[in-house]
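The structures come next, written out as structure tokens.
Heads up, the next two complexes both have chain A, just with different partners, chain B and then chain C.
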Partner chain A sequence: MLRHALARIGAAIPTLLIIVALAFFLMRLAPGGPFDSERALDPDIARNLRRIYRLDLPLIQQFWLYLQSLLRGDFGPSFHWRDFSVNELFAKALPISMQLGAEALLLGLIAGGALGIAGAASQRGIGAALVDGVALFGIVLPAFVVAPLLQLFFGLTLHALPVGGWSDGAWKNQVLPVATLALPQIAVVAGLMQAGMRDALAMPHIRTLRAFGLPAWHINAHALRAAILPVLSYLGLAAANVLTGSVVVETIFGIPGMGRYFVDGALGRDYTLVMGAVVIVAGLVVGFNLLVDLAYAWLDPRVRHE
Partner chain B sequence: MPGQEILGFHNLCVTYGARPVVKNVSFALARGEAAAIVGESGSGKSQTALAALRLLAPEASTTGSVKFEGADLLTLPEKRLNAIRGRRIAMVFQEPMSALDPLFTVSTQIGAILRHQAGFSRRAARARALDLLDLVGIAEPALRAHAYPHELSGGQRQRVAIAMAIACGPDVLIADEPTTALDVTVAARILDLLADLRQRLGMAMIFISHDLGLVRRFADTIHVMRQGEIVESGPAADLIAHPQRAYTRMLLAVAPPPRPPRPLEGAPEILSARDVTVRFRLRGGWFAKGREIKAVDAVSLVLRKGRTLGVVGESGSGKSTLARALLKLAPAAGMISFEHRDLTPLSGAAMRPLRRSMQLVFQDPYGSLSPRLRVGEIVAEGLRAHEPSITRAERDAQAARALEEVLLDPALRHRYPQEFSGGQRQRIAIARAMILKPKLVVLDEPTSALDRSVQIEILALLQHLQDAHDLTYVFISHDLAIVRAMADEVAVMKDGRIIEQGEARRIMDAPREAYSRALIAATFQTGGI
Partner chain C sequence: MNEAFRNARSFAERLSALGLGAGGGSVQISLAILALIALLCLFGPLVSSHAYDRVYRDYVLAEPSLSAHPDAAEVALAIETIARRMPARIEALRVDGDSLHATLFSDRPIDARALRAFERSDVFSAPRIVETQDGGRRMRIDAPLKRTVFLFGTDANGRDLLTRTLIAGRASLAVGLLASMVALFIGVAYGAIAGYAGGRVDAAMMRIVEIIYALPFIFFVIVLVMAFGRHFALIFIAIGAVEWLDMARIVRGQTLSIKRRDYVVAAQALGATAPAIIWRHILPNAAGPIVAYLTLLVPQVILLESFVSFLGLGVQEPLTSWGVLIADGARNIQGAAYLLVFPAIFLGATLGALQSLGAGLLRRFDAKSD
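After this line comes the complex of A and B, so read on.
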């Protein structure tokens, strides 16, 4: 198990490095730069700026410098918000986005898992069809349709919840964005769980348990462990989906998270800001996938012994 | 010997929708009796056993009754039924890999039964699980107890399944083809174990098998099933000595007759292999060195035109890998020449024109035919690669002729493989090889997934094709009875090596190696226990 874990961690490091390199050079390939504006800058000032931010060095040297500061945990100064470093910007925004994402993922797992199990339990009945329907609905409806509908109904009609804002994370402000973000996850998890549970219950080793007269809860526990494996595989992807989905959701609900830095940073060629966001998101996704891998190996001994 | 009735089947019927699979089955099992239900696949024998413990798929409906000590198992409330399942009536299934949960250790799975069904504490269950593993003949039970099913061999897995079945000291043990998925020598040991346990624990047993020759070794009573009905029943000795039905006699004729010997010397060489070795590298991790396994170890052989070389051995002996190496489908060291042409230096592209002369037929007629292509397309597919110039109509005509040659109605070529039986599918697979007019055909366990009666038909077809086209066969099988019926020459493989090779009759009658003798004994053994 330890060997498996170390091997996985070893494989994650080059993955991250490749992502960082790709993002760095792609961003520089994009036309324009951080100091371009409608009025052209005085050439001397522009040259000075480029020198201060070391943009005059050869690209490969810049990349090397960036990697070095990254190792120190320093994302560098923001080009756009000139009084702030990227670290300072993220210190405020990242916890908000992570909280939002974690809550959405957790809700997706719990609600989706429960729905899936309920659907599988009702074998051929309308329950299963209902779960399939809900799943399809959740997958096809994009966040920018769901969010305004929720805002209209709960905010403007019922006056029960605020239509936007964060208010330092008051629970009322969290309900709608988390629900919007979680909906597609609930849908996918419910579908996977229902199919997994149905397949698991039809497996010969479950029949063995029934042949030995073991209690229903014991049999369901065995089936659940097998059914959870496909859900677990999906979780890595779900984490990435939630993180990218949060860009849209944060914008619609006016939440001061990481999402706006992605958009503003990319449009303003704020190299360090975009790079920082990419590194953070990639790190989270890779780290989360690592956890998923380890959990999978813990649940399924066949993977461990490969 | 037969005492008081413990389990009684009365007019049991099982239907799936409108399709009956078990029809009015009635028989009684006495305390301590060993009964066998014998029949070919689809005869309803497993369905009968599964129905008794209400383990059928939810689509199945049952009528009639199965009485256990007076209570009807088919209508008993779930709770009372669960008190009987595992505790009074236990079951061993055919496929020990899928019958055990891959995610839990062996001792956990045995322990769960002891805890829930026999009221053991966690600690006591663990200790008892070790005793049970010891009882079923697992070496080093303390070590094996923490193994997961995939870490055990097939025989060990089946022993674990048996340990689970006898955990609560049941009165009745139902064993559904418990040895079919195992190698012959392993199967023989599992049978001995079952017979021994039955006597020691005084259990009654229902043994389900397709192999009448196997059950005659220990059954008191035999019930022969065909198409959902019991067609013949009786004390084992009587039924074996005086079978009333042609179907029973067919099941009894276990082994097809040996092939009449043909001279080997006159036939020209078509393929020769020298020191063929196939290595598999097991990938190591960061901290473990990779290991190397020789799946085929310095094998030399000669194939003669129009003759059959039978390759026998148990699973893992390297026989399929050898076959793939001979056709250059697996990377191998050593020299292989086909029609006096050295194949060793040939690249994949240079091999391609030769491929049509060397064809391969696989074991699993279900997995080897694409379910998305029509039979005609499957059969003609090789022509598209080797004769791209011929027209669609000509290809179709050739496919029809190839199907005719394997005795299938050519009109069936517009259907999909899933509409055919196992035997018909294997004919399709053979037609697919024959359409290319090959010189050498490697048959990798071509009859292993089929019932005996169908096996014999396929063997007759293969012999007919060999005579008609002067084909050379490499016939791979774990089943010596089948190899004896096909092969002029036999090679016995073990751990990647050919340990004995020679004329078929000589090896069958007077094997030199102890391992060959054990294989032959396990296949043709008759005597009782």
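After this line comes the complex of A and C, so read on.
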């Protein structure tokens, strides 16, 4: 188990490194720079700016410097928000995005899991139809359609929930964004869970349990251990999807999270800001996958001894 | 990480096969829906009486309706606007049938040239002067009404939403198809090479795919769009360049299993070159799953294009795509929800139909290959 874990961690580090390098050089390949504006800058000023931000060094040297500061946990100064460092910006934005994402994932797991189990229990009944319906909705209605519709219905028509804003994480402000983010996850998890439970319930050891005359909940609990594996391995992707979805959700609901910095930073060629966002998002995705991998190995002995 | 990713992907694929498209008729139904949408988008704008970029200043944010504009209130508003510019007062106003009878009065003689304002408006055609009185200060005119129908209403610039939705459909479908072709090309080449070469080459190539999986997609697209510029033709390259990963994985898997078959071994023994074997034996035998996954890829690409356009990075005005229209609708959600609803219905129907078509195809080919 320990060897398995170490091997996985060992593989994750070069992955991260390559992602950072890829993002760094791709970003610099794009035309335009952070100090472009309507009016051309005085050449002296431009040169000084480039020297202060160390943009005049050879690219490879810049990359080396960036890696060094990353290792110190320093994302550098923001090019656009001149008075802030990227760390300061993220210190405010990251907890908000993490909270939203975690809540959406949790909701997706619980609601989707429950739906899937119910769907598997009623093979041809209402439950299965419900799962199919939810799965269809999750695919047909992308977040940028769901979010405005929710705003319209709950915010503008019912006046029950605020249309946007964060107000320091009041629960009322969180309901709609979390629901928007969770809906596609509920759809996928429900489908996976239903399929997994159906397969698991057909396995020989479950049939044996049934032959013993155990109650349904007991049988389900046993089947769940096998059925949860596909859901578990989907979690890594789910985390990435939630992070991507949060770009839209945060834009529509006006939430001061990471997603907004991502888009604004890329448009404004704010190199350090975008790089910081990429590093954090990639780190989260890779880290999450690592955790999922380890949990998988712990639940399923076949993976461990492969 | 690879284990989890591989499982997640394959299960996500299985899900799409399981979750949707139950029932035998689903493939036909989704094909019918797709054909309908494609035909509407292709020929609708040609038939439509509105150009997609024609601005109707008198009908900004007109509600969707079956009845023709203008109604009484719009006529009154339009004539008041024209009279104020002349400047003149409206003494009498009567609409009967398809024409307006109005009497205008001014302190100075009314210049007949000022009546051009009628022709420029979207409500009236060229007016006829019935008679002038008081030395030209009072003028009675007949102006025929222009009848226009906005089935889906108009947007905040007064453009017909129906035509725009169909034109947007062209862009979205075109990007969907072309970007999928780009993804297909890269993915098939990459997957076939990795699968056929096997061993270390395969391991290294698949490792690269896994690394790109972990990259946040949206960042990738944003940077590529930035690098390519916001040119319409280049958007699909950017999207195709990030969506080929699934295809590569599937083609590799297929290649791995097919290359051990007897007919491939026989071809190798006869001295056929690797490219020839891949082209003649492996790809034709992997065609079924490739087509099925291609069908599943198209909705993903359309969705990604809408997403990029929603952020304002994709298709640019006056051209439009469903993502642009939906973004527009989201901004006007309070007053004009229909701006969001109609494009969303088209997008949703297309995505749903493609998804269940792909799921249906996948099930058929899976059953065949097992």
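Keep in mind that, in the parts below, the second predicted complex is superposed on the first by the 302 of 306 C-alpha atoms of A that agree within 3 Å, B and C clash if a C-alpha of one lies under 4 Å from a C-alpha of the other, contacts with A are read in each partner's own complex, and residues count from 1 in each chain.
Heads up, the rule we're going with is that contacts are C-beta pairs under 8 Å (C-beta built on N, C-alpha and C of every residue); 3 or more make two chains touch, one makes a residue touch a chain.
Since this is a predicted model, take the numbers as computed values, not measurements.
Novice: Under the stated touch criterion, name the partner, chain B or chain C, that contacts more residues in chain A.
Specialist: Counting residues of chain A touched by each partner, the higher count goes to C.
Novice: With the two complexes superposed on chain A, say which partner A:L299 touches: chain B (first), chain C (second), both, or neither.
Specialist: Only chain B; A:L299 stays clear of chain C.
Novice: First (chain B), second (chain C), both or neither: which does A:G10 touch?
Specialist: After superposing on A, A:G10 lies in contact with chain B but is clear of chain C.
Novice: Just checking: does A:V274 make contact with chain B only, chain C only, both, or neither of them? Give me first, second, both or neither.
Specialist: After superposition on chain A, A:V274 lies in contact with chain C alone.
Novice: Quick check for you: in the superposed arrangement, does A:L130 touch first (chain B), second (chain C), both or neither?
Specialist: After superposition on chain A, A:L130 lies in contact with neither partner.
Novice: According to the stated criteria, A:V247 is in contact with first (chain B), second (chain C), both, or neither; which is it?
Specialist: second
Novice: If we overlay the two complexes on their shared chain A, which of chain B and chain C does A:V140 touch? Say first, second, both or neither.
Specialist: Touch partner of A:V140: chain C, not chain B.
Novice: For A:A226, is the partner it touches chain B (first), chain C (second), both, or none of the two (neither)?
Specialist: First partner only, chain B.
Novice: Determine, under the contact definition given at the top, whether A:L214 touches first (chain B), second (chain C), both, or neither.
Specialist: A:L214 sits against chain B, while chain C stays out of touch.
Novice: Quick check on the output: what are the common chain A residues between the chain B footprint and the chain C footprint?
Specialist: none
Novice: Which residues, counting only chain A, touch chain C once they are in their complex?
Specialist: 8, 11-12, 15, 18-19, 22-23, 26-27, 29-32, 131-132, 135-136, 139-142, 144-145, 147-149, 151-152, 156, 187-188, 191-192, 194-195, 229-230, 232-237, 240, 243-244, 247-248, 251-252, 262-263, 266-267, 274, 277-278, 281-282, 285-286, 289-290, 292-293, 296, 303, 306
Novice: Show which residues of chain C lie in contact with chain A when the two form their complex.
Specialist: 1, 3-5, 7-9, 11-12, 14-16, 18-20, 22, 210-211, 214-220, 222-224, 226-227, 229, 299, 303, 306-307, 310-311, 313, 323, 326-327, 329-330, 333-334, 337, 340, 344, 347-349, 351-352, 355
Novice: How about chain A: which of its residues touch chain B in the complex?
Specialist: Listed in rising order, the residues are 3-4, 6-7, 10, 123, 202-205, 207-215, 218, 222, 225-226, 299-302, 305.
Novice: Once bound in the complex, which stretches of chain B touch chain A?
Specialist: So the residues of chain B touching chain A come out as 53, 55, 57-58, 81-87, 90-91, 93, 95, 98-104, 112-113, 116-117, 148, 150-151, 161, 164, 285-288.
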